[in-house]
Structure formats: C-alpha cells, structure tokens
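Here subunit A shows up in two complexes: once beside subunit B, once beside subunit C.
Up next, the complex of A and B:
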C-alpha cells in the first residue's frame, strides 16, 4: 500500500535514522518505527482534517527541510541570544535541535531536580523516560506528532521531585540558526506532587526559512503547580509547530502563557487533561503582521469532577495576516461540577487580515457551568471618542487602545524579567505614535 | 436534588400523540432506486421534459457521492434500495378538484392532527397545503390568494403551470451538487409547496404546509420553493408528524427561499416527526437542507424552528446575505430526549454591505440524547460593517445526555463586528427551589423554567404556532400535573 509515500520526508528518514538518540533502546526504537510508519502513510496534516481546516501546511512538504548534521554552538551571537534570555534562570539551549552544553547554564541546581538534554537523559534516565514518552500525547492525533516522535534529535528532560519549590525559572531556548534546516525536539517535564516550577520555552531563529517542530509532554503531579510560558519569536520566514500535551493529576494547577509573535506559519497545540479538582488557566496573545499565519489550537479535557478551567486568547491581526483560534472544552460524564470559561477576542486592523475562530463545547455531564465567547471586531468607538474628548488625536487613541488590548496579556506575566523581555518584543510591533514606554 | 431530578425524568417521558396510522389504499412504488424509478416518477407527475433531465443529472451526481459523516450523530448506514420513493393515496382520475373529493380517511387523519382542511374551520386565517406521503392532497384558500396574485400550490402543480419560474429558481439556492441529501432530493423529490409573492404584495394570510408521513417503508422527499419578489412580505409555517414505527424512515427535504429587494420572508417550523421510542427504536431521520438567498438590498429572511421530534435531526437553515443591508435571523429551540440526536444550527454568509444577522439557539437535552449546535458565521471582504450576534444556550436535564456547541467564525472584513456567546448549564437548583417554595409543583416549575429559557425564540413564532410549540415543550416536561 505504500507505493507512494505520503511525504517526501519519509523517504529521507533512513539517511538520518542511525544518528538519532536512543536507537539502542528497544522501546524507543519501537515507538519510532511505529511513528515512522504512521507518518509515511499520512504525511503532514491536510486541510481535510477538521482540526486543520484553517491551516495549510503543504508548503512544508514542498520545501523538504533536512535535519542539521552538526552543532553550531560556537558561532552563536551572544548579544542576540541575550535579547531573549532571562538572566536569573537555569537555562538550557538547544541549537538546531541539539543540546549545547556551553551555552546552557545549570549551575547550583537543587539535588532533587533533574534538568538535562534529551540525548543525555535517554542514556541516564531511560527507565524514567519510558514511563513518560508518548504517554501524554495521542500518537494518532496528527502527522506532526508522529513526525516528531520519529525524527526528534534532542530536547529537554525536567523532573522536579515532590515538594520541591524551584526558586528560579527554567528557560529552554530552541534556536534555529541555519537555513533550510528542520529541528525536531522532544521535551518531557515531570513535576511531582506538591512541587512548584516556572518553565519558559522560547523559540527564536535567525532570519532564515526553516522548520521547527517541537513536542512537549508535561505531567503535573498531585497538588503540584506548574506555570509554563511559551514565547514564540521565530523568524518571519519560518514554519513552526509546537505541541504541548499536559496531564494534570488531582488538585494540580497548570498555567500557560502563549505569546505567538513569529513565524510565517505557526501552529501551536495545547491540550490538557484535568484530574479531580484540578485547575488550568490558558492565556494567549497572537500578533500577526505581513503574511503571517498563526494558528492556536487548545483542548481542555475535563475528566473528573470539580475541575476549573479559564481560557483567554487575544489576537491582533494586521496587513495580510491570518489568525486562527480553535478551542475545545470537553466535559466527560464523570466531570460533574466543572466550571469552564473560554474567551477569544480578535482585533482586525486591515481589510486583508482574517480571523477564524472555532470555540467548541462538548459536554456529557449535566451539573456544569460552561461558557464561551468570541468577538471579532473593532476598537470600541466610545473609548476612542473619550480619548478624543481628552485631546488625544484619533490615530494615537487607536494605537493606544490597540496596544492596551494586547498588553493585558503581557501584564499577566508574573516574572518581572520575562515580562519586560516580552513587552520589549510586543513593543517592536507597535512602532506607531501613541505607544510610548513612559506611561507603561 | 435527586427527588426533583427523578421527577423531571419521569415527566419527560410522555407519549407521542400523533403516532397513529391511517389505513388507506395507496399507489406505492416497489422499493428501489434507479433510472427507471425516476422516469416513472416524472411521468406520474406529468412533468415537463427539463425536469426529468434535471432529476437524472442530480441522480448521476448523487451516485458519485458518499454519505457524509462529519455530523455529531450516529446511525447505521441507510439502504437506499430498500426505500420506496413514491407513495400516494389512490386517486380518482385527475385528483381532487375540491375538498369533497378528497379521501375522507385523509381528511380524518388531518382532523386528528388538528389541521382541519375545511376552510370554514378555526384556522381561518391560514392557507394550508397538506402533503400526505409523496403528494399534496389539498391546498386551501387558493382562490383568495389568487385574487392578490399570490401563487400557492403544490410544487408538482407549479412544475406544470409555472415552468418558467421553476426553471429560473429551482436549484438556484441549493444546487443539486450541494450535498449528498440535496442531490438525492433533487433526483427523487415528490411534492412540496411552491410560493410566489408578486411585487409589492403583502400576503394576506399565513401560508402553511403540513407534512405527514403515513405509509411504511417510504421516504419523504419534499421540495419547497418560496420566492418573494420586490417589496413583498410572506410568513410561512411548516409542521410535520409521522406514525410510530419500529423502523427508521428517511425525510430528506430541500427548502429554498429567495428574497428580492425589500422583501421579507418569515419561515417557521414546528418539527414533530416521530422521535422513536424510549429505547431509541424507530423514528424519522430528518436530513434537511434549508437555505435562503437574500438577493436584493434590504431583504430579510427569518428562520424560526422548534425541533422536538425526529430520531436524528440534521439541518442548518442558512442565509446568504447577498444584498446590501440584508438581514438574516435564526431562532431555534431544539429539544432532544431519550436516544434522539440533533445536529442543527445555521450558516450566515455575509456578502453585502451593512448586512446583519442574529442567531439565537436554545438546546435542551434530556435522557440519553445528544444535542449539537453547529453554526458558521462568515464575513467576506465585501461585507463592510457587517454585524452578527450569536447566542447559543444549552440546558441539560439528567446526567446521561450531551450538549455540544461547535461554532465556526470566519471574518475577512475589519469593520465587521461578530459576537458569539454560549453557555451550558442545568436547570438551576435555586430556581427550582424558588418556584417550589412559591407553591409550584416541581413539574410546573421545570416547565416554566424551560419555557422561560426558550422565550426569546417563541416570541418570534406566529401566534398559533407559539401556542403549539409551548404546548409541545410543556407536554414533554409535563405528565401527571396535579
């Protein structure tokens, strides 16, 4: 039946297979070959798949990116890196899909906290990883997941032991430095019961066309608390996919902040499964300019009673940009007393921009409180009028309000250094008059 | 809480009151579908040549299609060869000229349904087209309508008498290539209503069609076409019932509405097909394509539907807002109980400037039913200052049912304003307690709360229908009022 492979990537696989980490582990080898088979059949997702109906990734098939052969750690411009790096944090730097020891900083790590590159972890922690890899993610879901499982070259493994509260955030940098390169990284984050951590995933790249396809699996233990930040500043020629798949145990709290500013075509998947009385808060901001296509896909699966979920995604779309929001809340039969609220707000600034929104509620329990809201539209005319009546020029008033609309999401960041860094990036999108830093 | 919940459950399970069968001598095609059936159908209806071609073209297209599977409903594949595509009460030669000639059995059936075809009866303000299985058996007030120029007749009659209008408009809103069931309908539709309101005429009375499935083993494929010419106004009602049977019967209808400049069409449905029994056995599959084209500037189409019946409901009455300042409205109450499944909603396509649309959808799910709202609001680049407001609320009664909301919002015009809001909850204990504490019984309280929940939609229905709809909902939630 595989007379023609669904994707040219599959044909290339054998040339890189031997270099992939963990090939000597039978369980991983089995996962990889299964994933390869799946991917060879399906290829990357097509528009015919309901969850991908607004995002066409066929350009990735046409480009045929290849994995980076060598690590280019040395040639990284430190000043450029600093723009995106938090100083007061443990940092892990992945360059073109490979862990760079010299750029990473893991000094003074508490004893019961493990942070290491995935290649290293597959050697030292393979038994632990076997319990987690492919456990939070549904391998059948779509081609990118199978692709990542088969192709991943490195990544990150974090395990925070029970009751450990991390003093500093952990930042993992996914750098893409070369043209036409594909990076596939796999991350496993395990926060054991009652532990607390802040983790920042940053995606940046030099001004090239490349493909970055990352998958993260996150396990938040009983009564544990994890805040995950995703800051996506890929180059404006880049293709980006990142999937974060979360499992929350009883009473676990999970907060996610998603800042999607970069990429020519960027898709983010965020799925979480809630246990009894667990809570999740998902915040997102996507700013699209030029020909950017930014797709945010979230799924909140309430499996047990008393769960709480809150979601707010905001989009500002200019030029010919297209913003997509697909949010799905599922409340299982068991999940009585679920309280769920989802909101999506879009601002269209240009007549060539487009916003597509698909919020979904799928509810099988009766004693629940669920709602969602979507708006697509313009700034409030009354607010503009108010500012005008206070002698603010109309254009400046619009800029101020647009910025304020986006800034609400930035203000939710609790880490000062990160807040300032993201604000800086958001401000690059608001060069106009009326948005000055003084009044921030 | 459990006591009141149980009461609610008991009360919901009321009997289907329109489930009788009328014993009649009928002309029925043997089951099966091929070219010869379509030739025969066309011949029996005495259709012009172009219709036969149209049907055959649709049939060829249908053969290339696969039954769609995207909807949130489950059913065994339908065997299209085991359905009879035509069934009609035996006719005396040319068919009835007046009411006296109609089979008294048929008249009796309609009387039982509360739809007296006798023009002197209490529904004097409404003209009725009564469709019995595959044919229209009577149309009342034809003469009175003719005086003002309104054409209201069975579509098979329109095919013979007004071929120009048919040629111009049939399939112009829902082409035979639209979807699987639309293609099937185009190939084998048997009857339905045709309405033409001439320029500037305000239709003097409500028009109404009453669909009745009676024969076993048949499908009903009706086709309705309403054209409101410039500046005209019409309000159209539709009702449906079927006997109780253990088998599933297919009802695949197509409704096309065309509103010209300044025209207003109001289309109301109270759908009460047999929903199947408590164990999900039997019931009608209601797979319907309904679409309105607001072609002219300032035109308006308003869909109101109360969906209480059918084992499976699958329909999306839509508006294409082509003209500038066109208005589309959709008000819906969908009640599902036992094993009923409903996947219903609307599409609002904004093309013209300043087009406005309102969607209010209320879903009530009880027993083991699944109730889905699926809707699309699409604002094209040309639709400057388009405005949409959507509200979808779902009410869950019992812990084994499901309520789902799948809206799609696509906006390509920055001056457009689109708002969507949805909530899902159960009947609030507090509200129930409050009502009971004021002396209402649990069932009255539930009925009152549900009616209040649906009020926004009911107030859009014409008087007679509003009463019927409220009674229907009331019945579903009543029982032993005491």
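Up next, the complex of A and C:
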C-alpha cells in the first residue's frame, strides 16, 4: 500500500480542498474526508483487482492532473460544441468540471422537474442530495469512486417528479478543454415513480492529455422509465473513467446505450440493481483504433423475482487497439424467474488488435432463464463474396460489413438528432471508405 | 455470350469439373441438371468468381473477354449475376442500400453518373410489385430473418433491378413452395430478352415447367454427359439420372 500513500493526488488534495463545493455541509465534508482516506489507502485500481485485471491505470498515477479552478465558458468554440450537442434538448454544459450557465440551456423546464449543476444543487437541494449521494455506489469497490467523491468539483442534479414525462431529452456535456486538467464530475439522477426521461451524457475534450473521472448515481423509481445514453468521444490522448451506478425499484425500466469511441485509456463501469419485475437493457459499442484501450465493465444484479435483463456489447478493434468486456450477472437466491441474456461480440480488423471478454453468471436462484454468449472473430468471407457478386469492391465490402456490424448499435437510437450525431462520430473516428451515409 | 472450353476445376487436390464444354448464345436459356455431387454448384461458383477453386485446364470466355481473370465484382459489373442457392444474411446493410450501391457501381463501370434518387425509387418499387413483395422489405437488412422463399425472391428482385446479361440461377427452386415458385418464375420470365441469357442450375425438373429452357444439359461426375432440348428434362424426370451415369461409367 506504500505506492498508494505516495499518490501525488492525495498529497495535493489539501491545496484544492477549500475550493470544492459543499464545504459547509457537514454530511458532505464527512463523506469527502472518508473518501480521501480510502483513496489514500487504495490508490487507483491495480491489475491485482479481479475486475481491473485487463486495464492498467498506473499511467494516471504517474502524472498529476489537477482540477481547474474556474469555468472557462467564454473560450469555448461554439461550432465545436455544436458537433456534439443536441439542439432540441435541455442542456447542462460542464467545462473542465464546472457548470457553465452561459453555455447551458434550461429554459422552460416543466414544473416538478429539477435540472441544475451540482454546485447549485448542493446549496438549494442539499437535503435531497444527502439522501442520494454515495447511496448507489459501493464506496469500497475501487479507488476511482472514492477519488470522485473526494475530488468532484461540480456535476449534474436531475430530479423528475412522479408521473412527469419529459417531452425532450436532457443532455449533459462533460467538456475537458485544458491540458493536464482533471475533470471530476458527480451526477445524481432521480426519476420518481411513473416518470419517464431520456438523458444523454456526452464526454468530449480538446486534443490534450487530461483525466476525466465521473461518477453518476441513478435512481429509477417504481414503474418509472429512464433511457440513459453515454456518448464518450474523449480525445485520443485522454484518460477516461466513468462509473454509472443504478438502482431500479419495482417495475422500473432502465435502458442504457454506451458509445465508447474516445480516449487513450477509457474505462466504463455500469452497474445496476433490479427490484421485483424490473427490466434493464444494456447496449454498448466500443470502437478502438491506434493504441486505444477501451474497457467496459457491467454488472447486473437481480435482487428480486421476475426481473428481465438484456445486454449486447459489440466491439470493433483495429490497429493495436485493445477492447475489454467484463459482464457480470448476479441472480440472488430470492430472484426467481429471472430472465437474463448477455452477449458480447467482437470484430478484430488487425492481427495486432486484441479483445478480452469475460462474461460471468452467478446464479443463486434455481428457477431462472439465463444465457450468455461471446464471439471474437473477423469478417465473414461468405458475406464479402456475396457483396462482391453484387458489384461491390472487396475493400468497400469489408468496410460496409464493418460499418454494418457497428451500425446495429447506432440504429437502436430512437432520438433522430442523437442518432445522426452518433453516426457522424462513428464515421469520423472510424472512416469506412465507400460507405455512403446518405443512402442509409 | 459465354464459351466454356474443356474446363477442369479442382478443390484442393480433388478434381470436380473434368472437361466442361458449353456454348451459350445471346437470349438462350440453358438448364444444367444432374445428381447431387455432380459439380453443378461448382460450375456456378466458378462462373461468378468464388474463391477456393483452382482451374487446372481450359477457358471461360464471356463476351470475348477472359472471365476467369476478372475479380467477382468486375464480372458482376460486366453483367454476370449469380442468384445464390443460399443467399447470405447481412445484418446492418439494408436491401435498398445494397441495391443502390450495386446499381451505381455498374453505372460507374460504364462511365455513367449516379442514378437519380427518385428514378431509383420508382424503378425499385416497380420491381417490388412485380415480385409481389412488401415495400417494407427494402428497408430491412439484406436477407436477415427472411424465410427461404423470401430470400430467393430477393435474389430475383436484385436481378430484375441490376439487369444483368448472364443470369446464373443456382438451385433457385430448392426450398420454394409452388406459389413462391410461380412468382419467382414469372419474375425470371419477365426478364427474358434476346440479349440476356440464363444458366439455370437445378436438381428438380419442376422449375422447367415454369421457365422453359432452350437446352438441357446433364452434368454427372464433372462432365456434361448428355445435352438436348426441353424434352430431355421430362425424360430425366421419368427415368432419373442413373441410366446416364451408368452409360458414362461404361464409356
């Protein structure tokens, strides 16, 4: 544990602590100091931890990414922002970990809906937040969670009151604009019973090395419905961690779409706990090129009977990229009649690319229907010939099939503007010559 | 149109075709029949350019050019169309996308501009009606989740839109019920023209009740053992293939 104690982050903490929001709240001060202590002990996760065995984050520890003191809203290039922003949405823009009122748009919010930056929420909604912060995460789990709890500078708070159905999506932009910046944001999303919402989390940064370390805690109430999109388009030099921890009450429905395209080293945690007869659908697409390392970790915890979970993660890996999928499904003794299906499919486009896949089923109930499947492979030669026999060049046929493999996940996006934005990013970051999106 | 001379083809060390000779003129329909394992599918594969086969002897000339030298996509753009015995499912690529990509490749190959979007849609929808298909088919992924009959119909739809010169139908009637067979046959018959030729590879005589061939050839053990007119198919239905195989063995 001596390496962790030597973490330059823990040493630097005292110099930034006084600037963090919520200092005046005793409960938060206590959480932060506990988290700091935990992080000082644990450090960032190590390869010795089973759920981190494929992903080495020691490079982060060797550098020192520091939080930005203030928001730099004015310097943001609006045209750049627009590439990633949905126009028909309420938007919250966080720049280097600070809420920007100037760039955010929260006009005409319906009654019973709260959307605000975390700093503001800690002032106006501290009693509510006390009930939710650190309640969906397991603080013991790994160092990034404690790190975020101690370090977060701002974030997002959303609460949709019972029966409220949001007419348009909420988009939160996590922007990292400065070299060596630490962007640590904390998000709390509360969807009360029978309410429905679509929320988009977008991570994007300028072409710098930086660390984005976000944690979101999500509470989906009884019979409520939440679709959460994560679009991760970080810079090619960036380090990215984001953990989303979800609690679903009885009959709650949760759908997650995870597009992991960016980052030099990117890790995503998505854990959900299902109550009685609740349902979740987890979709993921990771595209790795050059030397990218993209790790997706999911955990579906069926706690009560009649839960349904569906999971499909697809990876396309080229050059020397490495993709990791670890999916754990746990069915508790009490969770009879659980129906769970998990699939991970990988397409390797280069002999130097690597896919590591580790699906795990842990079943403690005896009357359940659970399955999982993994494939790692190359393009199907029969399909290539079929396209060639329909006049398509071999190289374009390969590109079409690669694109089609990925496009299955893009096509699941029902919000047209978001669908088009993601498609554009997929084709920009992963250009497939000869694939004409105008024809799609 | 097509001239096959003394064609010998092997898979690995195993000879499959052992000296095929076949002349196909513009506008003719040739049926290639024969028992399982006679080399029928190999012949259609070798004409369309599938890899995995070695030509050890002989030649195939298509419109005066060496067909075997061309990669599969060039053959297709030059007008050779294979309707697959087992059409491949391509999730994520819609039928309409593939049709447009294919048609524009052919146009580009002939120095023409891309097809106008409205003209294309009119053309495609007309052909969809001809084959009694639902327009929704166009927006579904190529062959994904299609029934056997739908897949075969989709092959003929592609053929109708791409307007090839040499159509190779590989066991198109296998797995079709009589209603689907009638629709597919009508589709094929509507494409008959003086400058378009057909090679129908089939195990069953039934298809030839609906698409009347000019010539019937019997392939057995890698060679054409008998050729004749449409009446040969009826004789085969009555007598089976064994009398021809026996004759071949005796010779």
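Operating definition for what follows: the second predicted complex is superposed on the first by the 432 of 440 C-alpha atoms of A that agree within 3 Å, B and C clash if a C-alpha of one lies under 4 Å from a C-alpha of the other, contacts with A are read in each partner's own complex, and residues count from 1 in each chain.
Throughout what follows, a residue touches a chain if its C-beta (ideal position, glycine included) is under 8 Å from a C-beta of that chain, and two chains touch if they have at least 3 such contacts.
Computed from a prediction, not measured in an experiment: that's the story for all the values here.
In the overlay built on the shared chain, the residue A:418 is in contact with neither subunit B nor subunit C.
In the superposition on chain A, A:400 makes contact with subunit C only, while subunit B stays out of contact range.
When both complexes are overlaid on chain A, the residue A:160 reaches neither subunit B nor subunit C.
When subunit A is checked against subunit B and against subunit C, the one touching more of its residues turns out to be B.
Once the two complexes are overlaid on the shared chain, A:184 sits clear of subunit B and of subunit C alike. When the two structures are aligned on the shared chain, A:285 is found in touch with neither subunit B nor subunit C.
In the superposed pair of complexes, A:264 makes contact with neither subunit B nor subunit C. Touch criterion not met for A:228: it reaches neither subunit B nor subunit C. Touched by subunit B in one complex and by subunit C in the other is not one residue of subunit A.
Residues 48-51, 71-73, 75-77, 81-82, 84, 87-88, 90-94, 96-98, 100-103, 105-106, 109, 141, 158, 162 of subunit C are the ones that touch subunit A when the two sit in their complex. Residues 50, 333, 336, 346, 348-378 of subunit A are the ones touching subunit B in the complex.
For subunit B in complex with subunit A, the touching residues are 70, 379, 381, 394, 396-426.
Listing the residues of subunit A that touch subunit C in their complex gives 380-383, 385-394, 396-397, 400-401, 403-408, 411, 436, 439-440.
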